[in-house]
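As written, the chains take the letters A, B and C, and residue 1 is the first residue of each chain.
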Amino acid sequence: MRIKFPLMAIGLEVAMIVLYGLFVEYETDQSIQQFNISKQVHMEKFLDLYPLFQDVHVMIFVGFGFLMTFLKKYGFSSVGINLLIAALGLQWGTIAQGILHSHGQKVHIGIKNMINADFSTATVLISFGAVLGKISPIQMLIMTIIEIAVFAGNEYLVGEIFKASDIGASMTIHAFGAYFGLTVARILYRPGLRGGHDNEESVYHSDLFAMIGTLFLWIFWPSFNSAIAEAGDKQYLAIVNTYLSLAACVLTSYAFSSLVEHGGKLDMVHIQNATLAGGVAVGTCADMAIKPYGSMIIGSIAGIVSVIGFKFLTPLVATKLRIQDTCGVHNLHGLPGVIGGLASIVAIAMGASSTSTMVNQAFALGASIGTAIVGGLITGVILLLPLWEQPSDWDCYNDSVYWEFPRLRDHDNRFHEYHNHLEHEI
Amino acid sequence: MRIKFPLMAIGLEVAMIVLYGLFVEYETDQSIQQFNISKQVHMEKFLDLYPLFQDVHVMIFVGFGFLMTFLKKYGFSSVGINLLIAALGLQWGTIAQGILHSHGQKVHIGIKNMINADFSTATVLISFGAVLGKISPIQMLIMTIIEIAVFAGNEYLVGEIFKASDIGASMTIHAFGAYFGLTVARILYRPGLRGGHDNEESVYHSDLFAMIGTLFLWIFWPSFNSAIAEAGDKQYLAIVNTYLSLAACVLTSYAFSSLVEHGGKLDMVHIQNATLAGGVAVGTCADMAIKPYGSMIIGSIAGIVSVIGFKFLTPLVATKLRIQDTCGVHNLHGLPGVIGGLASIVAIAMGASSTSTMVNQAFALGASIGTAIVGGLITGVILLLPLWEQPSDWDCYNDSVYWEFPRLRDHDNRFHEYHNHLEHEI
Amino acid sequence: MRIKFPLMAIGLEVAMIVLYGLFVEYETDQSIQQFNISKQVHMEKFLDLYPLFQDVHVMIFVGFGFLMTFLKKYGFSSVGINLLIAALGLQWGTIAQGILHSHGQKVHIGIKNMINADFSTATVLISFGAVLGKISPIQMLIMTIIEIAVFAGNEYLVGEIFKASDIGASMTIHAFGAYFGLTVARILYRPGLRGGHDNEESVYHSDLFAMIGTLFLWIFWPSFNSAIAEAGDKQYLAIVNTYLSLAACVLTSYAFSSLVEHGGKLDMVHIQNATLAGGVAVGTCADMAIKPYGSMIIGSIAGIVSVIGFKFLTPLVATKLRIQDTCGVHNLHGLPGVIGGLASIVAIAMGASSTSTMVNQAFALGASIGTAIVGGLITGVILLLPLWEQPSDWDCYNDSVYWEFPRLRDHDNRFHEYHNHLEHEI
């Protein structure tokens, strides 16, 4: 960390300032004309959507940030690196998406760019979950820049070329983010951690901190899926469908967690994650008329698949495919994202929407996964370069590698003592 | 938990999906006609109220969930079972309230149904506080189904038959939820816990987690009391009155906590709970023109009554009435709810509102408490059946009865050690 | 605490109720006429701004409250006294600001008063950070009353006499609150704490609790800076500029934290605080057309200055100026507030705004700092009176001085044990 990390962070911020100086402007009377509404109405719409933007903002910074604090000694890094890469990601996402959609013209910042910038950031945070504890802050900065560029490209492909429908971004954010992160984790496979790591576990309070993340994600997910939906009917549908899917998902997550665990007990990993799978899986068809009970069926299935994934698939993926998925993003974002894409094909087949076709949806799903894997491969190889201060196996999942603990003294501090103890053992 | 819990959870979700398939629809052009406004205006109103709905949603899931994490070893269950029963409750509440109000016709989901569904859920969560730590998840599922049905019946009686005014639901939610829960706690009285239980206490960090709940409840209470108020003047009044009542309540809670405690110290139990009593007590007359200082008087009284209740009444209720009220819901919801009903009678007598009469308000208060006690009796008796895996006295207030701790190892884990230690002692 | 604290709290609440009875009214048809809009439009505007008010409300109670929980044994007091003085402050702020602005007429409560009341409260909470752990709850009540009166006077001077522009209140809230608090800390200087105090440090979980505060402050800061901005263009600018300044500030804070710390590590103190400096520094010119990259430059500089302040200035200020600044408010609010004032002068010089002049901005900055120092001096001297139960050096930063721990028993409770241990040592 000595000098590379600060230099890269400063360099990236300087680059952002230059890019914003060149390409980004406030909304102007001209830029508003494209919406065919008066400036006053446009500004009112800004304020109408602002609460939904803030809901999404809470999801990105508090939701994702605290969801990942479940590790007993990696809370600072989880919530801290989350903040760092989200702050970078939203600046870069505005540029990357804006340039593509404005065809090289100036980008005019409005509420939709701000929401979309948060979305591009979400993609990176999902991938972060797959490699959590195993890569350095510098590596995360590099991954943020590459992944958002690839994400913006795939999103353009899906939305503008295939004209596919993906309002809650099950495919373009969740499946994409998961498979991108899993591919990077595959490239960075650590044989030394096959048997697990002492620090890769939670303690009582770290699991409670993680529930802060879970709950804010759960509560605001209807805002995520509806924030950029067409005002009126479609936005209404996106809110109601997501709300119902999530509620149903909770019941099946709890049921299956109890079914698969020893003695019918519940597992915090499932409660923290699988309860959210309903929000992911209903994303693509959130603004379609899939009926209230349709949303609930999608949510129920997502909860079941997610719990089963955590219990049976994650260990297999780790041993057979050599992918160590720290947060289990495959079960929360990968599988439910694929379910979301498939659900949209079924929904269109049943006449719930005519904004896209079954074929286009299938292309969109395939493109999202394919681009993610290719992007993840390239990123993984770049991150392998012995330049980025990747932590040793021993230093994984350990805040003390990246964080000063100046205010900690010996008494009353088990964490510090334990760390010293480990260092003496070496 | 082995098999009954997952079967019941799955069965309930399947039942919900069937009920939604039969009875619940999106809003249609026809269903909107009843409001005498155009569809576009209706959809705009949806988005106008959506931030208030989200505030209430945060109160239900984060507010109630974390408020109950004060117990040192019951945080997983507090926040976890809260999520489970709230997710079930909002699905079932939509049906139970909707069928009654639509007189057996289809229920059309709009923002008001969603807010009302959260309200019905709040009622169960209040009762949950009275029995926290002493009943199993299966018992909570059963209680959720029965209580919401009774709640919807009482709410219909109060609002449609008595035409009483109860905008912030001091009577129909708070008093009802409290006396329902207390009656259940009475039926399930545990003589073995007369002397207290080692786990029925907080530790330093669990009290801080609980403050997350307190603060979000406190902040968003004006949204709770105003969410379904008539747009315009009444909604304005409900927000302002609740805001002022809560602020005043904080000052008297702190003052009386210090007055009644040894050496003038403050007690976290009072700060976590009594500071919220002002929101409860002002509920019924929140949308009446009770004057700003009137709200502050109501809030001040509520804070005082609540602290005194915690200090002197709760021990008496436990020993004399044999009601073990884990969270002290009688002091946060019961007494302040009754104050709310009485305050509305005074307010109407003083001409602050003409939407209801003093007699109708008195009927509403009596009906809410009466129905709650009858409903609680029936529920308590059902929960007594030796089918529902009620925990033994020993297992009360203990997460490890319901939760796997697979990620906990021996080192660095006092909780686990302590639990083992207890088990060896037996 | 025995009797003075409860008497003062009750006395203050009674005084508030009397003042509200005399001076505060609901909005009336007449009071709305001044806005030249119909009552219906006015009420719609209330609801439009309500989500921004709630964002600010979360910042005040959760943001400031949890930000200060970083101390290992002072979490109850941090979040608890924060709630107490904020609840008092918003009641008193409405009166103090209202009387001045209505020139002695009745104050009519609307959404802007409510937002402004939260702002006046924020000022006290900033000062609270400078003296955190070292003064008693009674002293904080006194400081709240005096500081808000002085704040309202200075705000009137800056806004109505100088007609200066300070939409996000970098000068009138942040610089004012910081220098007021620092002056009080100077007067209350404790030579006995020159060598530090065992309790003036964080532990692992207390730093995570503090991050809850940081993140909610960070997320909702655009609402803070835009809540009372002119609807339309200016509000849009205030949101976008603050959003970009904060994002840029994160990158430079991380970079400089790593640069100045041993071995390139990150310091939680910087991450919790310096990442917010961008919100402070962009405040004054938030609603000016300073260009997107202009905001990012302001944010970048604020992050750098704040980290450097924490690392090099705070120790100097403590030893040379004898100001013990517990939370480092000089680095989060003082210096960035001054940067905000200076930035507005540069912005006006560059033509980004014509609502104020460079000279008026300079006067505003000078007045804010000057009034703060004079107010702080007077307050400090009053707080020195041996009436207010100021804690001894030994009792600083220690919750057990003000809080009962009735639910804590011997086993499983290091905090209590440690405290007993200390008491035996005396």
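FYI, a residue touches a chain if its C-beta (ideal position, glycine included) is under 8 Å from a C-beta of that chain, and two chains touch if they have at least 3 such contacts.
A quick map from chain label to UniProt name: A, B, C = Ammonium transporter Rh type A.
What you see is a predicted model, and the numbers here were worked out from it, not measured in a lab.
Peer 1: Pick same or different for copies subunit B and subunit C, depending on whether their interface residues overlap by over half.
Peer 2: different
Peer 1: How far, in degrees, do you have to turn subunit A to put its CA atoms on top of subunit C, rounded to the nearest 5?
Peer 2: 120
Peer 1: Can you give the whole-Å distance between the Cα centres of subunit B and subunit C?
Peer 2: 33
Peer 1: Any chance you could list the residues of subunit A touching two or more other chains?
Peer 2: 51, 205, 212
Peer 1: Which residues, counting only subunit C, touch subunit B once they are in their complex?
Peer 2: Subunit C residues touching subunit B: 1-3, 5-7, 9-10, 12-13, 16-18, 20-21, 24-27, 39-40, 43-44, 46-47, 50-51, 54, 57-58, 61-62, 65-66, 69, 75-76, 79-80, 83-84, 87-88, 90-91, 109, 114, 137, 205, 209, 212, 402-404, 406-409, 411-413, 415.
Peer 1: Okay, in this complex, where on subunit B does subunit C touch?
Peer 2: Residue positions touching the partner: 48, 51-52, 55, 72, 198, 200-205, 207-208, 211-212, 215-216, 218-220, 223, 231-233, 235-237, 239-240, 243-244, 246-248, 250-252, 254-256, 258-259, 261-269, 271, 275, 289, 291-293, 296-297, 300, 414, 418.
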